[in-house]
Every structure is written in structure tokens, then in C-alpha cells.
């Protein structure tokens, strides 16, 4: 596979990183079906920890098995597979080198939702290196009263990761007492969350598809004054991408709750048309039977290749 | 004793661990009456710290003596003996090499129950190495407002233990403001607690036998939608095992409060029939006179050998 | 590209390594024209330091440029490119992710040949990580009065590299007061040098093609007593491979001084027929005009694919 | 297997060691056919590095394979298997827990015999821990001009090993400009070498069977004055054992060069009758076909059991 | 002052360096009369240590004063001023920010010329940071029996300097038992010395103007076979530049012993015409009265601007 101009262009947006970090970033961009296109589809499986095992895996029981997700990501031709320590430990030695891995370094359970949202740090950069990962992953909750704890943990981990030649993927999910339920996916809030992740040094940013809603009164004034379009998903995605260093950071979008294939592909087209770099699709893939999941992921990749 | 295929299979579930960690894991699997079967019966004695000496040892006064428990575990043919620092320090030099040891690295007293449940770290990996232990032990309380403190302590200790070739045994006991009293042994909560321990990197997970009760509304929907059976203990144990990486983590069950031998053996049969890997039995053994305790433990091992 | 059974088999020979080290090893085995075959052709360019710039690069002046060698290795479809710090620094940021890199951590100049052969340590594991390398390289001179210095430096670097998930490539070149000039490529000495590298923990071993000559009297007795065949190159390569943990270490052969393409391909066939894992070809490639070099390297790969 | 009084007695000779070190010591004493007898038969395979691969393995070609020796030691029921880093790395992950391992931390090649005998340090305590070893091994050459280098390296390694709960096995082989060829196995010199190892803190001492020859004039006077018997092998072994803290250190004897089974068993009987603790038998085992080697090792164990 | 394309091109040759290192490099390239041209004239004053104070400063007594050299470099419009710790310490606080500084981290005195040439390390990266320097300086003596010591010191210092965002300037002066007196400035040896510095990671390389002489027989063959021109100084400079990564490293030339202005300017023209990046001129400047020195340095800069 020849190294494409598009990947070189993307790498040029990170001129302060050492070659090690760029190498791992290019590894994810150059793996799987979308290799070289500058687009990414990542399989994330942290729901066992975040939502509990039955809610996550019972819809498709083979998914209880850690090997299952490695194989699914490989068979579907994903760019990378992201999971917490335990899931990677359980299978990394067996699938060594078969697919780029992202170790999610913090996780939040839904057994004890006490106080402001704050994840526990459940892995280290050293673990990521030992397990052969190509990146670290980390979740921040802008809007949480505990946001600064997470911002500070993140920047220390990003710095340590870079020293080890590892880029970072940041899940930036507004949540907590400072945002309304609708506000969590408001276009102004999502764009702001993406900007925060970018300013903290994220190489890849993961946000939820923004809805046509504006949470913050101050933001509302600006959207109105400058007539920033927010009607269609492509409009809103475009704003989020622009808010991520004018499109110079890789921003990918999560699929959220399980839904129908048709609906998913429609949403993915919107993401693509707005200039999104890809999708990160967990429940919508591993909660389907494997052949359906592989088909769906391939269809999603087809959409991204379509442009 | 020949190395069995079953033990090799179990070790193959930990492909990212170094040979040192696998060696100590196999040491516990290959010791005592159940050696080579892939089943384990462990004697844990942390009740002196957790419940106080009289509540723990007065029912069988010789148990006040640290030597007593080493000898009990040896005579009964247990796979390992687990205790806090003081108890191991008191006798490890005398019984060196006679039985695999697990140093419990945190403990919670019941003198001061203040705030959310949180154990104190009472030992170190270095202590475990110095005392010749084959594993570290650690308790987490999913459901506690202080859970993240314990999750983060645990992951650092697991990482340090692995560097020293030591596997980890995690007591995962839901407790705290986020779970009801019944919820502590609800089948959904126990399964979730096992999943959390596995994702944090535990090699062996200890939970309580789950009851036929579902705590979380979101979980209830899933149990109903997919008709997950929870009537019998084997049904529930089976769900917990599945929730522990599809059976690819060693899960053992505690006996809980002291009760009659009949009742215990019945419960153990249920654990065995659901695919449980063994029992960890404290009060039900050391609070009986020694010969009765040895007999009971041997009977329990007999049940596990029976399948 | 599907992950092949052959690569999985090779990785299985390193069961004590962490997934990180296996991942980088598989990266080299899965890159370029020979990806997945279990064979390797590596471009090494340390001659600027070892022999001086004019002797190395004047035959093909574009080779004075560090970018040239990256591009040559990429265009020829090599598995990896190996060079000292300066050459990698000069271009790694530009070619990040395009080809697996091996940082040679020690080098010997030919300006000052004083005392027993001993290379200077010219790079670190941290450099290799920072530059995004997939392995460290190191030269030992068995037969040198200073061999123990190199053996000890090597084992420390291998240990540090493994912690960072990096495998090691060891150039094992007998040299020094204890071996005659002919002895440097004697079949017994080359096989012994390969064994030493393997015992020190090398993942990939590089030796010179052995000649039909036996240096050590004690070895001669054994070769005669057991009629070990040494007439043909395949015979001798076979003995070297067997001496490298019965073929369970990757052993590749250098091309040595510049010579004609015909002669090179003949030698490569011998290496292949004896079970050699590949070639590392410096002067014979970069001292030719680029198109000739690419053709030769592809022909060499063709030979290895032929079996 | 019950813990024997004899093993407890042996452990009582090391009252200053922590329980971790005693545990690993008892592990070796309690493994294999001789478990619990206080006797040991160890398989050592460092000859690939020390004598070269062909001299070592060609007599029985399957021995080129690192797996071979693990399996041989297991099948023969040895107490432990000792080898350099490379051989252990190659198979420890595969045979984890099946047999106690001793990592030989230094090695000497016979390609370059330059200067006074001095081995290179080729492994670390950290490696031993990572690979799950039960002891470190180290060779000293009393009589070498470089002896102090080795003595000092050894004491640092023993101290570090003890911190990690690992006992030490010391090969004490008089060699170098200060001893004659015959003197290397002279009874006074062997006894002195054993004493030095014991004084440096060795837990297990390996020496060669002493010959009826006295090297040092000063020693000769004493042997004569006090009529120390040296005629028979039992006499001489008894003197060496006495010289090792009055029998309170485990002393085992090497078999040396390959020879006939009859001859070996005769020698082993002499070692047993003199109070030797066991044999360490490399070439005499792995250079035979496997079934013959297993038979011989079992016969040797039979001899030791006979007393 | 606009940032020139030429400076950007030069910085592009160091794609693996962090922005800090590039920033300090550009600082030197963008200071003084030659700012932005890609050419450099540096004032070095280490002769007080290297040759003694009277030999160095008596010809122009104000030069005994450390302030003198700062002011000279400033008044003459040099790109940077290089000196050992003491000279910089004495005045850096006073002239803070007025001119880029290079701290020479090793120095060799001429009181005790004992053994193979080897400089003492007389400063640290930490000193360079504390004193506000823009680079570290270091001297290596290729050809010395002690060369490996210096090569290893240098690579560690370069690595540490880069971490602190400091580039390195390497004085590469062949010297020692392996080169003849004439050989020290032989064109093949100077080119080789430049290559070694580049491979060790130097950002700026300082060599002596090469003479029309070839030292090494192996090199002579190459120069003759490929008719490498060496008659004129531009020819020889061109070869040295090519030998420094095909012109992708900054190579500057020293003036050597004091001589007439005419002679100096003639030599500088040769350096310029061969593609040299500049001059480093110590004795020829500070041993003249200040106004003459300023004039000479300005004339030298005029020559470099002329092309």
C-alpha cells in the first residue's frame, strides 16, 4: 500500500510531535479498509465497564468474550480497536500485531453514579506500551464539576504518551451539573467540547453527533448574529470540525445507542458530508450478530470511501 | 504430578502476562487436593481486621493464633491461604514453602464505619515478594462513592505486582450508597462487579453467590427481554461466569456468614453446576473445630472434584 | 493483508515476550513485498559511520543523502530500514510511518582502529522510541578481547527495549585477536556467534554467510565425528539455523562486499535453500544506481518468495 | 505431598533469609522425584554459550531446541532446570510453572579466551523475576586474577535476589593463573572454593567432584598433620561438605565431561556416601538420546533416594 | 525581519526535532548581520582553557576580560558566541539576551597532554539552560584511542539537550594515535569526521578547512576511482559538505591559527564557493585590536553575503 498524500497532509497538522507519535498515528490511518483515505472507523468496547455486562453483551452473547471484539475489528477492516485494560490484556498477546489498539485509560461505571461525573483511571501509558498499543484513549466530561480533575489527568497522560511515541484519542462528552440533558448534544456544546479536547493536546477527538439545539445563551447570540447554519447534520458537523482547529484535528463521531442500519448509514452520510473524519461504533456493531456487524461496518466504510 | 491440559487452558487465557505471573498462577492451581483440576478452594482469614478478634476467633479459640490458619489450610489441602500483613508476617517464615500465600493488600475495619466504604491499604507488593506470596489480594467496593479511589489503587498495585511476577486476586463486593442491601448480592450487580474486576486486570475474581434479585432497572429490562434465567443458583452463577470474559477469568465464590455444613455443600454444588471455579471459605472453616473444618473443606473439594 | 499462519508460528517462538514486543516484531514481518511470508529483506546503512562517507556513498552519490535510503527501502518493498541515529533523525520525521525502522545503537568507525574491536554506543532505547522505530540494532564482536563489554551492554539494552515493547536485531560478527581472518566466516565460528546472540536474547540475528572452513580444533572433531556437511552454502546455512535454537530464532544473512547481481542471487538462493530467513543488504543495494538497486532487491525477494 | 522434616531442617540453616527466599528454596527441594528428600538433581544447559552449539548439541541433535531441555527436566523429574537468558526466554512462557527454573546470570564463551577467566553478566535479577525463576545462578572462578570482579558482582546480585525472594546457586570453579590444571579439582582447592561461595552468601553451591590431589603446600601440611582422609571419593566429598559450613549449605556436584552410565552412577554413589546433596548433570544427560537420558537421571535419583 | 525561505529550508532538514530545538537553531540563524541568509559567523573563545591565557590573550590584553568577547561578538554582528562555562558565567547575566550563546561542554588543556586525546566535560546541559544558551558545544577527536568515550558522552548530551530544546554544535577534530599530523586536515579524514558528527546527531558541525591530502589508503582508492576533485579549497569543502548528509547539515569552518586578513578572506571565499555555511573565528578575531577585529569579521560576513 502506497503512503497517500492525504495521510501526509493530516500528519503535517501535528508538526510538533516526534516521529514516534506520528508513526503510530499513521499506523491507525493506514490500517484496514479505509487505509490511506484519511478516514477512520474504530471499534470501541468499553461498555462492559461503563454499562455492565448484560446490558452490553446479552443482545449478542458471543460478545461476552474478549477475543470476539478483536476478531470483529479485524474481520470488518476497522482502523483500530479501543478497550479498557482487562479486555486488551485478555487477548493482546494472542492477536499481537493484527490490529492497532487503543488502551482506554479511564472508565466510569454506572453502578455508582455518585457526585459529579468523573471516571477512574484504570490503565497507564506503560500498560499501553507493554500491550503494543498505537494510542491511549481518555474520556473527559466538560460540564462536570470534576472536569478540571480530568483535564489535568489528561494532560499529564498526553505528555507521558508522547514521550513514548503514542498519540491520544479523547472522548469528549459534555456531562454533569452544568449542562442540561439536551445540552449534552447541543451543537454549541459539542463544538466547545471538541475545542477543549484539541486545546488539551488530543490527536483524535471523539464527540457525539450534534443536534439542532443551542444550549448556551451567549453562544446562541453568536450563532444568530453570524447565521451559523445548524439545520442539517452536515451543517452541524461542519461547525464542529471547524471548531477543531479549522479541520486540522481528526474528529470522529460516535454512533450512540443501538439503532437500525438504515438510520445509522443515514447519520454516517451526514457526518461524511459535513467533513467528519469517521465513526467510532460500539453498540451498533457488537450488539448485532457478527455477520450483520461486519456488513454494517463495511457499509459505513463504504460511505466514507464514497467521498 | 503431571501438568494438566485444563491448567494449560486456563493459563492460555492470560496471553499478555509474563512467565513469572503465569508461574505463580499455576502454582496456586497446582497445589493441594484440587491441584490440576482447574478448581480452587482458598482459605481467607482477614476477619480479625474486618470484624474484630472476638467475633472472628472466639467461636474456635485456637484460631486466635496465626499459625493455626496456615496449618488448617495445609491440612485441608487448600490451594492457597489469604490474609493481611500481620497474620502472614507472624507465620510465613515458619511455614515457608508449605502453601501458596495471598497477601491481602487492603483491609477495612468495622470499628469506624464512617463515610462511603473504603479500605485502607495495609500491605505492599514488596511485602508480598518478601513473604514469598504467590499473589496479591485486594478488595474493591463497586457502588461505593469512594469506588474510584479503590479502582485506581488496584490498577497501580496490579501493574506493580505483574512486574514482580505476581497475579492478583480481587474481592469485588458491591457496597455503599449506590446499592441497596439486597442489591449487594443481586445477580445483575454481582455480575457487574465481576466484570469491573476483570476489566481492571484481576486474574482471580472473588464474589458472593448471587441471589435471585435484580437491582438496576436498566438491567432488569435486559434480563427480561433476553429471558436470562436467574431462578436457580447454577443459573445465576452461570451468568456471573459469562460476565467474567465469557468464562475466561477464574471466578470463585465466598461462603459468607457461618452456616451449617449441609447448607454449605448445597451452595457449593450450585456454584459447581453453574461453572464456578471454586470457593473461598473463611468463617465457615476457621470458626469450626479444626477436624470439622478440615472435613468440611475436604467435602467441598470433593464436590468440585465431582464434576 | 491477512495475518498468516507462518507469522503466527514465528511469533510463537517468543512466548516470554510482552504483546508490545511481539507487535513490533510482527510489524517488520508484515511489511513490504515479503509481508507474511516469514522472510525478511532489510536495508542497513551504517557504512557512512563504519567505513567513511566516500567509500560508502561515492559509487552512487545520491546515497550521500539520508532521504535516499528511506525512499530506496520503501520503493524496493523492504521489511525494514536500519541505520545509526544521525541518518534516522535526518528523515524519520519526514517519512513517519512509511517503513519500519531499526535504530543501530552502536557503531564502530574505521578511522581509529585501536585495541580490541569495540563499538561506541551511539544511540539509546529512548531515541528508538522517540523516532518511532520497530526495533533496536546492536553489534557484538565475539572473539574480541572486549566482547564481554559488548555482551553486557547488549543485555541491558535488550532488557530496556523489551520494557518499551521493542525487539532487538543483533549483528553478531566474530572479530578480534581470538579469531583468524578466515575464522571470522568459518562455519563453526558463525554458528557459535549466532548461538551467543540467541542466548543473549536477540530476536533477530544477523550473521555473515559461513564459508567451508572450520576454525576451532575442538569444533573440527565434532564436525568430523558426526559428519556435519559443510560443502555447500545450504549445508552451512542449515547448520547456522540449527545452531540458533533449532531454527526458532530469525536468522538473516548479510551480503558483505559489493559484487555482481548474478553472484548475489546465487548466494541468496543458497541462503534460502539452507533455511535462512532473509538477507540484509547494504552496499550491494545503495552503491548501485537506484533503479538497479530496486531491481536487485526485488529479485532477491523473488528468490525468497520462490520457496 | 507432605512437607518433610528433612526439608524443614535444611531451611533452618538459613535463618536470616526472608520467607520469600526460603519459599523458593523449598520449591526446588520439593519438586520432582526427589521432592522432600533434601537431595537434588538439576539439569543445567549453558554449554551452547560456553562450548558452542555443535560441541554441545550435535551428539543428540534434538537438544538444539530450547523446548527439549524443559521437557527433559520435566520428564526425568529433576528438581530444577538451569540455563542462560536466551534458552529460558525461548520456552519459559510455554512451560510456565512446570518446573523450577534457575537463570544463570553470567556466562563465558570459548571463542575468545583472552586474559584471566571472567564471565560476562548476561542476565539480571529482574529477568529472573519476570521469567518466573526460583533462583539465580552465577559462576565464580576462584584462582582467577579477575576473581574479585566476580566475587563483587555475585554479592551484589545475591543481595538483589534476596530482596526479590530468590535464593542463589553458585557454580564455584577454580580456574585461572593461580591454579594448576590438576589443582582445579584438587580436594583442598575444591573445598576452599566451596567455602568462598558459602561465605559470599550462596544458598546452593555447585563444585566438581574433588580428586585425590592437594594443590596448596600450606594445605598439604594440614591434611597430613591431621590425617584428613582423601583416598576415596566419599572421603573427599565429606571434606568438601564439612568445608561448607559443616554441612549446613546445600552442595551439589557436577558430572563434568560425557562418560558411561556405569561410571556416572559409581561417581554418584561416592557423592552420596560422602554426604553430597545431589548432582547437576548437563552433558551426561542432554547428549544422550532422550529415553537414555531420562533413564540415567532416574537411576541417579534412585541412588540418592537409596540413602 | 521576515523569516526567510532559506532558514525554513534549513530547519526542514531536522524533521525529527521538537519545536524548542528548532526555535533555538533558528535563533542563531536569525541573529546578527547574516540573519536570514542561512550563513553563520560564530565567535569562539575557548583558547584560555585550551592554550593558556598568555598565548591566547596577551596579543590583545583587553581579551583577558570575559566581557570583552561578548561585546566583540555583539559589535561585529556575529550569529553566536561560544565559550566554556567560566567565560559565560562571568558575563551572561550582564549581557542577557544580547547575543545567542553556545556553552562548550568539554575542554582540553595543554598543560597535561597525557595519553590519547580526550577532553574533560566542563559543563552541563543544565548549565546551558541556566545561562540562557541557544546551543551546547562539544568536541570529539575521531582518530583518538579515546574516541568512543567522547562519542558516548556526546550522544548522551545531545539527547539531554534536545529534551531541553537545545541544538548541538560539534567540533569534530581528528587527532590521536590513529591519524598522522597531516592526516588531521586530510580531505578524506575531515569529511569522515564530519560524517561521524552528523551520525551522532550534531545540528551544526565545525571542522577545519581540508587540505589537498588523502590519509587513508582505502579512501585514496575511492577518490582516484571516482575522480573526486580535491585540488582547490572549494572542491574539498564541497566534498565535506556532501559528506555531511548531502548538504543537509550546517557545516562551518574554523580559521585555525592567526594569520593575515588577506589570507583569511581568501580562505573564506573558498569556503563560501564550496558551499560552506560559515566560519567560526577565534584567534583571528580576538587577538587583533577590537576595531580591526570588528572590521575583519564584517568583511568575512560580507564574503558570505556575496553569494
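Labels for the chains are A, B, C, D and E, by order of writing; each one numbers its residues from 1.
In this section, a residue touches a chain if its C-beta (ideal position, glycine included) is under 8 Å from a C-beta of that chain, and two chains touch if they have at least 3 such contacts.
These numbers were taken from a predicted model, which means no experiment stands behind them.
The contact pattern of A-C recurs in B-D, the pair among A-E, C-E or B-D where over half of the contact pairs coincide by residue number. Chain D has its Cα centroid 39 Å from the Cα centroid of chain B.
The distance from the centre of chain D to the centre of chain E, with each centre set as the mean of the Cα atoms, comes to 58 Å. Centre-to-centre spacing of chain C and chain D amounts to 36 Å, using the average Cα coordinate of each chain. Chain A and chain D have CA centres that are 57 Å apart. Across the assembly, chain E contributes 15-16 as residues in contact with two or more other chains.
Chain-to-chain contact here is organised irregularly, matching neither a line nor a ring nor a star, and falling short of all pairs touching.
Chain pairs that touch, as defined above: A-B, A-C, A-E, B-C, B-D, C-D, C-E. Contacts from chain B toward chain A in the complex involve residues 13-17, 116, 142-145, 147-148, 151-152, 155-156, 159, 174, 176-179, 188-189, 191-196, 198-202, 216, 218-219, 222-223, 226, 228, 239, 242-243, 245-246, 248-249. Residue ranges of chain D in contact with chain C, taken from their complex: 48-49, 51-55, 57-59, 61-62, 64-66, 68, 84-94, 107, 109-115, 118-124, 126-127, 130-131. Across the complex, chain B meets chain D through its residues 3, 7, 11, 18-27, 29-30, 74, 92-93, 96-98, 129-133, 163-165.
Listed in rising order, the residues of chain B touching chain C in the complex are 15-16, 18-19.
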